[in-house]
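Shown next, in structure tokens, is the structure this report addresses.
Every chain is named by a letter (A, B, C and D) in the order it is written, and numbering of its residues begins at 1.
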Amino acid sequence: MARLMKEWTIDALGAENLKITERRVPEPGPGEVLVRTTAVSLNFRDKLVLENGMGMPLSFPFVPGSDMAGVVEAVGRGVTRFQPGDRVISVFDPTWIDGQKPGTARHPTSFALGGLNPGVASQYVAFPEDWFVAAPESLDDGEASTLPCAGVTAWFALVEKGHPKAGDRVVVQGTGGVSLFGLQIAKAHGAEVIVTSASQEKLERALALGADHGINRVREDWAERVLEITGDHGADHILEMAGGANLGKSLQAVAVQGRISVIGVFEGAEISAPVTPVLLKSPVIQGIGVAHRRALQDFVVAIDRTAIKPVIDARYSFEQFREALAHLDRGPFGKVVVEF
Amino acid sequence: MARLMKEWTIDALGAENLKITERRVPEPGPGEVLVRTTAVSLNFRDKLVLENGMGMPLSFPFVPGSDMAGVVEAVGRGVTRFQPGDRVISVFDPTWIDGQKPGTARHPTSFALGGLNPGVASQYVAFPEDWFVAAPESLDDGEASTLPCAGVTAWFALVEKGHPKAGDRVVVQGTGGVSLFGLQIAKAHGAEVIVTSASQEKLERALALGADHGINRVREDWAERVLEITGDHGADHILEMAGGANLGKSLQAVAVQGRISVIGVFEGAEISAPVTPVLLKSPVIQGIGVAHRRALQDFVVAIDRTAIKPVIDARYSFEQFREALAHLDRGPFGKVVVEF
Amino acid sequence: MARLMKEWTIDALGAENLKITERRVPEPGPGEVLVRTTAVSLNFRDKLVLENGMGMPLSFPFVPGSDMAGVVEAVGRGVTRFQPGDRVISVFDPTWIDGQKPGTARHPTSFALGGLNPGVASQYVAFPEDWFVAAPESLDDGEASTLPCAGVTAWFALVEKGHPKAGDRVVVQGTGGVSLFGLQIAKAHGAEVIVTSASQEKLERALALGADHGINRVREDWAERVLEITGDHGADHILEMAGGANLGKSLQAVAVQGRISVIGVFEGAEISAPVTPVLLKSPVIQGIGVAHRRALQDFVVAIDRTAIKPVIDARYSFEQFREALAHLDRGPFGKVVVEF
Amino acid sequence: MARLMKEWTIDALGAENLKITERRVPEPGPGEVLVRTTAVSLNFRDKLVLENGMGMPLSFPFVPGSDMAGVVEAVGRGVTRFQPGDRVISVFDPTWIDGQKPGTARHPTSFALGGLNPGVASQYVAFPEDWFVAAPESLDDGEASTLPCAGVTAWFALVEKGHPKAGDRVVVQGTGGVSLFGLQIAKAHGAEVIVTSASQEKLERALALGADHGINRVREDWAERVLEITGDHGADHILEMAGGANLGKSLQAVAVQGRISVIGVFEGAEISAPVTPVLLKSPVIQGIGVAHRRALQDFVVAIDRTAIKPVIDARYSFEQFREALAHLDRGPFGKVVVEF
């Protein structure tokens, strides 16, 4: 007799349409693994996809969520990378294995889970084995579920692209999931980390996490303050989380030949900046769109060899999926996780 | 008896103040070389410096010009790199030898000749030997004088930063000095080159120089046309010469993980663009501020080993320095040179 | 009624066991494509595998050969990258997609075709679609079949790892398949190419192909001659095809901070060299083991955009497979190809 | 009245000729700084230079020593980088500023202090300002004097060339000065560090310094042990300090596409290795010849921002210079320093 499982779905766009539905636990086909989901980590992107599909043609019923941890329950024919009992985490965009990102200039769309590919807010998923990597041994399931998007985005920007060195000055804007991973990853490489925030209380928590400096960006000109802190050297690497005109401030704060990773867009869908520092300082402005699978594997290794523990602001139960999503609007300090 | 020489100077800001003055031929001090100038190449920057100093505190009488070719006439004590008779060209910013560019985030100013350092529109200059490199053997003096700024800027963007490979699609915006060098350098590395211009006649000349495709940016949406030409792949590297909102078009045309070198600012002092392609395509947007001395030396070697001949739109005499400057306003096809 | 096809097989180690056998044309399974082979290019490795398996546990009957061109005849369920009629070439090691090479320090074995994976000396092969890339349009089938191993090895060393720039001095040792591709690829990027050979006649042919200099390594000390040709600068990149003590000569000839790609082992299974130039010149000595699939795709693009035509010393028919193999012992100038 | 100072000199090759001599304190010429030496750090190279000149034509009386810390006492005309009272350290080869190393393939000689340039075992030195960088604030003079050669060599190999990332497995051979810096620098970047030594007691001290694993290379096959410790992954980076046939062991231990930095030559003037792992693993074998000035500046910044304290095995007085040199023969754990 077939087992049933629960999952969160929508039948039409709109987070208000989220409901728990039941269907049979899927069978893993050739090359697939059946994974029992133990935790799902939420990203702001999940909200946008539920609201408007982010321009993607969703298939209904649509299951949201891209980031999960779980345990392999069964493997299909031809599977070689996993066996039952293995703890795994999902890969954000499983079409991007390493190196060159798939897609064309005209259609650069990401084939992420919970988007053009199915989502993970199910008690069980049956996906190709290539869609998973081994979970880190040093993290619990909730923590492990935060790596596939937020964690590896910070890693990809800072490590894969940025080649950090001890003594680098790194600016992390805000205290969301990517930013706090950025803080921890930069510290693990010997960098001096400066965190900006609109909240004094969050700055205190960031300092407790290991940040060297906190800048209240409401009370101070954060770029000017970065110049002061660094003795005019500027920031070797800035995780630009706001976009909009904030890029201009990042260009003010960045070191000569420094690096700005454009990751977030909280201040609008346009970026703008004066061009003079672009020419005089010759920085790299690098767009970041999550990461490939190999970087996620590298990051898992790094997690297990360093003291990095993902910062989880709140853990919710499977039934509280909607409450967890709502938490994202309140600007969590780190990640929001749903445990199954 | 001391020899006299002529030079172009201003006593106050404003190109209208340009006049020929006379002074003694300088003596080369310790570590300096005396060079008889044979050609000076003009850049739009020279006009801006004469007009407003570009924010720099000029010393009057001020001699304009950063790019020259000449012959070493005498060497001061301790000079090891040159001897009388050597043909040389100047280095744009002699404080930048290789690798890390000098300066701080707060004061990234370039120590270019014809700016914070003295200019070259003199019949003789006595500068430190480090301010020169050997001229290419395969170019005449007028041609050689075009390398220190325009030539090496294109080289630095395309080669030193861009690591071109045969088959790359490179977009060169416009047909000014940097752009035509970009066209020739990209072709020398096996790239497919697309040139954009507002002038059909200039496009024809660019095609004759070796460009594979010309796009009339007035008649067509150039970014869309790049996608068509490249079968949706997009451009692996774009020399962005306009700035302003044109950066958004470059982001539309750039390949996934491609590269945009921001060099020119003809459309304004701000750059702006939608952020979505920055995230989805993850391109590198690289500011370019000329180049270091070692890149200029590499470029000289390349010039002598390839068929690259700088494109000179017009050659003027020393007395026609003002006419040569005025030519810049008419959008030259390549470079404008003053021969002594 | 099932179609029959012919293929070359051995039932036991030893090239003398090669014979033509018949079996049914395979059916493409899920994710597989059926390809009608039109040409196979031979490598010295094919001889070694037939003789001793190169330490690999071969499955008998064993089909040799790793490099092929062909036409897709049918596609299995789920195939997305190809359709019937597409011209394709094989990927040497289909487990290496991009970036990080699979395998461990203890077991770095390559999963190449005609080795741990099946070979291609069959009239038809049914392989996963990931084992192929599109063939270049500008080459005939025999030419196209030379890219998967020899061609892309030279490309990977010179372009993917070496980042060539116009004016670089590149030394190519010998005139075998990899070396002549190296000559052509280096020239396509504006390099000055020096070829060494024991045969004056082959040097003449290499010069006719575009080499700038030929050195008869029997009559001259080739490393000393490279120093003379380059005005003591040395070679920026050397394709080291001999191994053994020849590495010491390469270290003598290499430029300061130059690059030596170790590719071939014609002079023995050991490399040895004095350590002083390793320290004083700080070169990179880079082992090359063919390339990943993405580099092959880049190379196909480059082939179609440049004038590079693979050099084929001789073309044999399917029935002449053994004669083609025997040709390898005579030191071909370029590649030996079997056309079906 | 001119001040006198003491310095260690030889009038002919041979450490037995070392004696203290007196001469006037030099005057700083144009562009020079007069520095009062406070500490000199010894390298094995100093012994070799005293014994045989290492092939260099020394000028007698010859002052040995390349690495010093000191205080600027006076500055000559035109000096801009320092003022009296500044604490400085010397640059090993002051002709190498950044990027490309000077020299040719035929004459790659290093212009190091205590070799082709004068040495530092003097109470005062008057050198060009470019021969110094600011000393780290967090180190005493003896510690600071260890950076110019041993410290920055490890930094250059691991950081400038190796781009370390958290989780990397790094093997450090031995417990000399470069090796212990390597251990500390790798740990500062989140790596897992494995130290090899012939001495159990030194391994214990290395573990106390932060090494994750120690391998007694006399009792165990160190390469095999590295494979075991890393779960067959192998070492991402190996500091190869022995040379000779030990390179073969390093190739056995190195990860696929890993990196071997060839630094030391304790086991002979030749390196040799089987070529198969060079091809199958495609590692980078990178010769290291100290570093450029910019890397030393980066390293000073890193020292001040991390907890790295150079390991000094013994501190001697100026008069004990010969005893300090003799200490080098006993295989110090870290550095040997002479304090003035």
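The definition used in the following text is that a contact is a pair of C-beta atoms (placed from the backbone, for glycine too) under 8 Å apart; a residue touches a chain by one contact, two chains touch by 3 or more.
In this text, all values refer to a predicted model and were calculated from it rather than measured experimentally.
On residue numbers, the C-D interface is repeated by A-B, which shares over half of its contact pairs, out of the options A-B, B-C or B-D.
Across the two interfaces under comparison, A-C and A-D, the one joined by more C-beta contacts turns out to be A-D.
The distance from the centre of chain A to the centre of chain D, with each centre set as the mean of the Cα atoms, comes to 41 Å.
Residues of chain D found to touch two or more other chains are 100.
Considering their complex, residues 159, 163-167, 185, 188-192, 298-299, 301-306, 308 of chain B touch chain C. Against chain D, in their complex, chain B makes its touches with residues 30-31, 97-100, 292, 294. Residues of chain C touching chain D in their complex: 100-110, 226-227, 230, 232-235, 243, 252-258, 262-263, 265, 268-289.
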